[in-house]
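Starting off with a structure, shown below.
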Amino acid sequence: MLLGLLVSALTLSGIAASPAMADEGGTDSQAEEFEYFFSGNVKYNDEPLEGVSIAVSGNGFEAETETDENGQWTLGVPEKEAYELTLDEDTLPEGVIVEDGQSTIDAEFGLTKRKSVNFFLGEGQRVTTDYGAQVLIRVVNGLNFGLLLALAAIGLSLIFGTTGLSNFAHAEMITFGALMMLTFSNMLGLPVWLAILIAIALSAGLGWTLDAGLWKPLRKRGVGLIPLMIVSIGLSLALRYTFQFFYGGSTRQLPGATLPREIVLGPILLSWIDVASMATSVIVLLAVAYFLLRTRIGKATRAVSDNSPLAAASGIDVDRVIRIVWVLGGALAGLSGILWAYFRPGVSWDMGFQILLLVFAAVTLGGLGTAFGALVGSLIVGLFIEVSTLWLPSDMKYVGALLVLILVLLFRPQGILGRRERIG
Amino acid sequence: MTNSEPAASAEPTGGTATVDTRDLVVEVRDVTAGYLPGVNILNGCSLTARDGELIGIIGPNGAGKSTLLKAIFGLVKVREGGIYLQGDEITNQKANKLVSKGVGFVPQTNNVFPSLTIQENLEMGIFQKPKDLKHRLEFVVDIFPELGKRLAQRAGSLSGGERQMVAMSRALMMGPHVLLLDEPSAGLSPVRQDEAFLRVKEINRAGVTTIMVEQNARRCLQICDRGYVLDQGRDAYEGPGRELLNDPKVIGLYLGTLGQD
Amino acid sequence: STGGTTPEESEEPADTGDALAIEAGERDLTLKVGTILPQSGTLAFLGPPEEAGVALAAEEINEADAGIQVEVVYRDSGDTTTDIATVSVTDLLSQDVSAIIGAASSGVSFTVIDQITSAGVVHFSPANTSPDFTDYDDNGLYFRTAPSDLLQGEVLGNLIAEDGASTLGLLVLNDPYGTGLAAATTEAFEAAGGEVVAEELFNTGDSNFDAQLSAINASNPDAVAVITFDEAKVVVPALVGAGYPGEQLYFVDGNLADYSADFAPGLVAGAKGTLPGPELEASFEDRMLGVDPNLDSFSYGPESYDALMLIALAAYAANSTAGEDIGAYLQQVSGGSGDGETVTTFADAAALLAEGSQIDFDGASGPITLDENGDPTEATIGIYEYEDDNTYTRIG
Amino acid sequence: MDWIQIFSNAAQELISPTTAAYALAALGLAIHFGYTGLLNFGQAGFMALGAYGFAISTLTFGFPVWASVLVGIGASIVFALILGIPTLRLRADYLAIVTIAAAEILRLIFTTNTFDDVTGSASGLQGYKGGIAAMNPIPDGTYGFGPFTYNAYDWWIRILGWTVVILAALFTWSIMRSPWGRVIKGIREDEDAVRALGKNVYSYKMQSLILGGVFGTLAGMIFIMPRAVVPANYQTSLTFFIYAILLLGGAATILGPIVGSMIFWVLLSFFSGFMARAVEAGWLPFMTQVQAGQLRFILVGVAIMLLVVFRPQGIFGNKKELSFVR
Amino acid sequence: MSDNATPTTPVKTTGLHVGEAGPGCKKVDPIIIADGVKRTFGGLTAVDVAHVEIPRGAITALIGPNGAGKTTFFNLLTGFDKPDEGKWEFDGRSLAHVPAYRVARMGLIRTFQLTKALGLLTVLDNMKLGAKGQSGENLFRSVFPFFWRSQEDEIEAKAKEILARFKLDAKQEDYAASLSGGQRKLLEMARALMSDPTLVMLDEPMAGVNPALTQSLLDHILDLKSQGMTVLFVEHDMHMVRHIADWVIVMAEGKIVAEGDPHEVMRDPAVIDAYLGAHHDTDLGDDDDPESVEHIHAMKELIDDEQ
């Protein structure tokens, strides 16, 4: 029963450990006699070589073996000590060149009883992506991510634009869409399109409910914006843990989310989902911009955000406009949550919260409350996150994007598309 | 719709039980209102406006003039008393409801939407009846040609006077039956001020009942049918504009002698 | 598989003279143990199997009816962002627990270790792998059953090398667990003649891994080791989706899980992974499921089970429920300071102890033996391979 | 259910060093937000600087306690200057996001593996408490009564922590009733107006940012006395909780942050103990232990909301101010 | 309640200019000299002043149609906005690139047309903030009241005195946010006077202020002038301009188009045409000229559409 099991121990404390493992091919009769093993591969330019003989020597022990058809070999030794492993150059096929010193390796066991020693001969041609293509890939990924951020941001921006509220619970509205999608497609087994529609409808419903149940009463009491922001932080916390309460802490996948990408454009690989999500983002962003700039309700939305008592005095039903915005914001957040779950891919209870800061950064960078600003800001944030890691360590990838935010605001305190206020 | 003529005779000061053939359009009955709990700004203030009348309200700063207009328009909570529009009680009704009933209001401060363009600001004036837009836009631009040249400029970047024009125009866009104006002339250059007063008068002659608060008291009393002097949340004097204009007491307390020359 | 769990002759027994005497005779003890395992927060998915492991151990100890009854108080450790662990510990200490099992995250354990050990209570983590605990000034009260990253890393590095990969990409969670394991893996892999061509780190709470994956894909390694927790559910489909072959992936204990419900069929078929512990007996899994039928993962369940077992045995051996006494006996009952008889169930162990003899308890997570620092010295590391339905089976 | 235990555990939070740390950090925010109107959402960053500044100077450079404290304060002053130069010109809401970003950048730098030698990356730092412990004048042993029974070190850090909090509160109280405080409050209302009166608004805002930041830094040092330095502690949620505390007590008040912090921690501990015991006692049969842990945060979230709904000005805040907010 | 205002005829300062009175003419003792100051917003040139001098120790009115660029010019002079080009000096010191607060410290205090009351400070605190050179405004000294206590008392006495003049004394303990529109204007001006400025620039100080009160405040300003203060103000109320201004500068479309003695400037047909209007000094009550009747008809039509 030693086979197929690897037991090891920390030598640090002076206690060594037990049996060994062997792999599928390389076991030979020796294996039964010894407790410690060397094993490995012999390859020439990444091709395995068969019938190459390998010798081990050291501590008064010598043995030899040959590689199998996969270029693999295993050698047992009696003690956990240092040995010298030599590849017999004469057994190599014609034309295989071994550089000086490549044929002998000194090897010593670590904590375990097994030690891999590979002889990789030749140049080992690894096809890596060249720098230009890498940049291109990053840029495409960045645009893709940026568009998604924009979609997530637009609802936030709308709500901010109308009510002045920095809604931290927007993250949970995003998560909500994805979770509803999960519920209706995975758990209840509805077809994807239907599940998407239901999820978006329910997200819109969430927007409606939040406004009707929470924000409107608070507005009526004349609570200021900063306290409202804190309410949204509390709401965010409560909702987030409610999600965890019902859905648990682990990540799950939506149907079709893990299919491979099959659209090849030069070095770039995209999935249909990527394409669909990019297209959706662009269309929705244009539609929202149109809504804000051209439609009557859209203009009323901005009027309410500028000066809601005056809007009321102009005959605008302020509460209705805000309600519409919440419903729309909810639906957009839900949609972005679904796309986000496909893009990432994965659904989890805190998925919205994880990108909240980026969404806020994007909205701010573009200029608070401007629809196009949200788009521009999102694209910049997305691009910087993806591209900056060509130079930055990847665990600091958000640093680049956040620094850009600070630097841009140094020169344009009102954001990229924001407007300066007139003084006096 | 009756054409209005200047009130034929002076009404007794402070009197509310007057007999007049025209219907009461706006009636404020002993209203008490205020912002902070326990502090009343209006203390039993009363006012009437008959169909087609032009009412001027003057008074010292902080007398409660703006508060009175806001109370009529439902923007300040009325604590006691009632407000009636054509006989129906409208006390504490939502502002947008009143707009549908044909009441228009120009606030004293914060009276434009800064991030909207001038055109959009004007469109907001006619929010409830978008189809009349073109017609009315022409009408308004005719009054304030400065605005016509700048329809795409954001109101937030306008000068003080330009803002005031936008605010006036927005109210005119509504085509209201009752117009509440809070210091429409403040910040306008003399020529624009005169124009504004003339327009207000014209609008009024066209049948719009107008209540106007003014600190340019002389001008205001010159054109209005009846004037009220508000002091400390109460109507202290009331009478035809001309009469108040020449009342030595009113002059001493509220008008000053500067403009008399 | 049961092979190899017996200590070999190579195992150098610690001085037998160190062993404290064990008093023979009946016991009548009531042991109160608290847990601070993640119920909420980003590591919450680790909580259920860990709590189930503790619960199972408690159940078995109480059923053994050997003169010791265990009462477990479960509290939340949260994650490091919410600082709830200190509140939980205050609560547990106020209930006079003898030992606290937890936390899952090294960060959280660091937050509370002083509070616990200065109160004379045993702090026993089933999952901490940070090397910093080894020499921590813990009054001799900190213990853990989680095997060292060094061990698993070496096994993983050797495994990848042996599979013929000459280049390796690493996708690593930047926390003590991830970076420690990655370092050990790198060392073993490079010693075997390979080269790590990409090491990309990400932080807990990162949402999008595209940049890291692009970097790995760009360097086109022969194998990729995914050293993460639950993030693997996001990373792996994204990586394979971007064109990297699924069978060249290597998983670790933090993410070796059944992906049949989440991934497209065949997505990770042929991928391998390492997981400490002997092959879990089906019966152990069944027993865990008996405690919590909703479990979908057993990660750190056996380690948690063993933690409570050892604590109870130490209390039994000391015939005391004082934290200091338990701490004094813990190494000994694990087999770390004597040549006691190997036992695998609580009933057997208790019976031996009642006779006054030394024991060497080997539990569900392997032939656990603690050293004088409270760290485990022995571990079994299994090798697993994914099948077409994205479930894994043990191959070594 | 053991109510006494629940309450006595909750009562312990009243004087815990963590409560003191949150109170001090919230007091710093009161200066920033309550008095000056700076919407600083990067207080966690200042706390991290205190924690790391102290720990790194002790561990890496072997500085004595006083020097480590000074290094922490110095670091936060430098951070405030760097942060302030680009951001103090920003509108409040922009400032909020930028300060979050700056604090996150700091946290990411402390977390990244690149500087592992100094920062300990994700596992953080420990073993810096020797200096403080050595200064402890209290002889070894356990002291106290009822739930408030601690050993010498625990008493020492409580005494230290609360002394700092009280001194900071007195200091804040005295400057806020001075002409300096008047300028600061004026800036909160309209900085252009204050500028037109000849006050160097930028400099005042910077002073406020530094002062509140130094409070945050000291809070960060108190915060790590009973625990370890772990970078994940300094996430944005820390700032959120401190804001909740600030608003709970009242934004432009001195006692507000302190009492707010006490209430916050007492409630958190109470919910924690109560929920867990309720599940144990079988009062919530539909809920598992694990879910109970999550329910606590749901309750905290709801409590924050209800608080603002029913007392938007906070406990010590002035109701009158509320009728003028826009 | 209000002083019964008998108009005191103010003493006008004369002989301010050198040579012919006209746009950009030299002054005997200028306090501000601006040269080629230009500010554009996109395509719009808001201010384009070739040369202007403001006389010291006099009251100068800056008038002009709406949107002429008066407020923008104020902003430029006081450092709240930056011109595209040009230079300007105050008291012989160049003000280019001098930040607003420093301009104010030099003794050039301005008020805002759209008022900026500090809402959640009491009216009295608003006033005290206006005082200059307060030692208690230093962070380190602020901790120790004995450094600033006595100065604070003086400031408070002065603030109360000015508030009484501005009829705001009853409101001194209230938040400034609770003031009415006109009261805010008053506070704005009162606060500016707290610092004893060398030059005070008032942007439409009396718009929205009750006429009776205006009159008494003008006397106060004249008082201050006699103590050596220079005043530059924007105002649309011609009675007031005529009453107290020693000098008038007319701006239109960003340029200085006329300068001179108030009475003369107001007789200038160009000024009348562009600024004062034909109805100026006539009673609007007597109508009905044909144009007006026509308008009324048009409006009636509009309104009748509704029915």
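Going in written order, the chains are labelled A, B, C, D and E, and every chain counts its residues from 1.
Everything that follows uses one rule, which is that a contact is a pair of C-beta atoms (placed from the backbone, for glycine too) under 8 Å apart; a residue touches a chain by one contact, two chains touch by 3 or more.
Every value quoted in this text rests on a predicted model; they were computed, and no experiment measured them.
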Neighbouring chains common to chain C and chain E, by label: A, D
Remotest chain, chain B as reference, centres from CA atoms: C
Geometric centre: closest chain by C-alpha means: D
Highest-count interface - the chain pair sharing the most C-beta contacts: A-C
Most distant chain from chain E, judged by the mean position of its C-alpha atoms: C
Distance between the centres, which are taken as Cα means, of chain D and chain A, whole angstrom: 31
Chain A and chain B, separation of their C-alpha mean positions in angstrom: 60
Averaged-CA centre spacing for the pair chain E and chain B, given as whole angstrom: 26
Chain D, residues touching no fewer than two other chains: 108, 111-113, 192, 291, 294, 297, 320, 323
Multi-chain contact sites of chain E, meaning residues that touch two or more partners: 71, 80, 112-114, 178, 203
Of all residues in chain B, the ones touching two or more other chains: 35-36, 157
Chain A-facing residues of chain C, complex: 1-8, 10-12, 38, 40-47, 148, 150-151, 154-155, 157-159, 161-162, 164, 166-167, 174, 187-188, 191-194, 197, 200-203, 205-208, 210-212, 214-215, 217-221, 230-231, 233-234, 237-238, 240-243, 261-264, 267, 278-279, 296-297, 366-367, 369, 371-372, 375-383, 394-396
Residue numbers on chain E that touch chain B, as the complex places them: 1-2, 4-7, 41, 63-68, 70-72, 113-114, 167, 171, 178-183, 186, 203-204, 207-215, 218, 236-240, 243, 274-280, 283-285, 287, 292, 295-300, 302-303, 305-306
Touching residues on chain A, where the partner in the complex is chain C: 1-10, 12-19, 21-23, 39-41, 43, 46, 48, 70-72, 80, 105, 107, 110-112, 114-120, 124, 126-129, 133-134, 137-138, 141, 145, 241, 244, 248-253, 256-261, 269, 271, 344-346, 348, 350-351, 354-355, 358, 385-386, 388-389, 393-395, 397-398
Chain B to chain E touching residues, read off their complex: 35-36, 58-62, 65-67, 108-109, 129, 132, 135-136, 139, 146, 157-162, 164-165, 175, 177, 183, 186-195, 197-199, 201-203, 205-208, 215-219, 222-223, 231, 241-242, 252-259, 261
Chain A to chain B touching residues, read off their complex: 296, 299-300, 302-303, 305-307, 309-318, 369, 419, 421-422
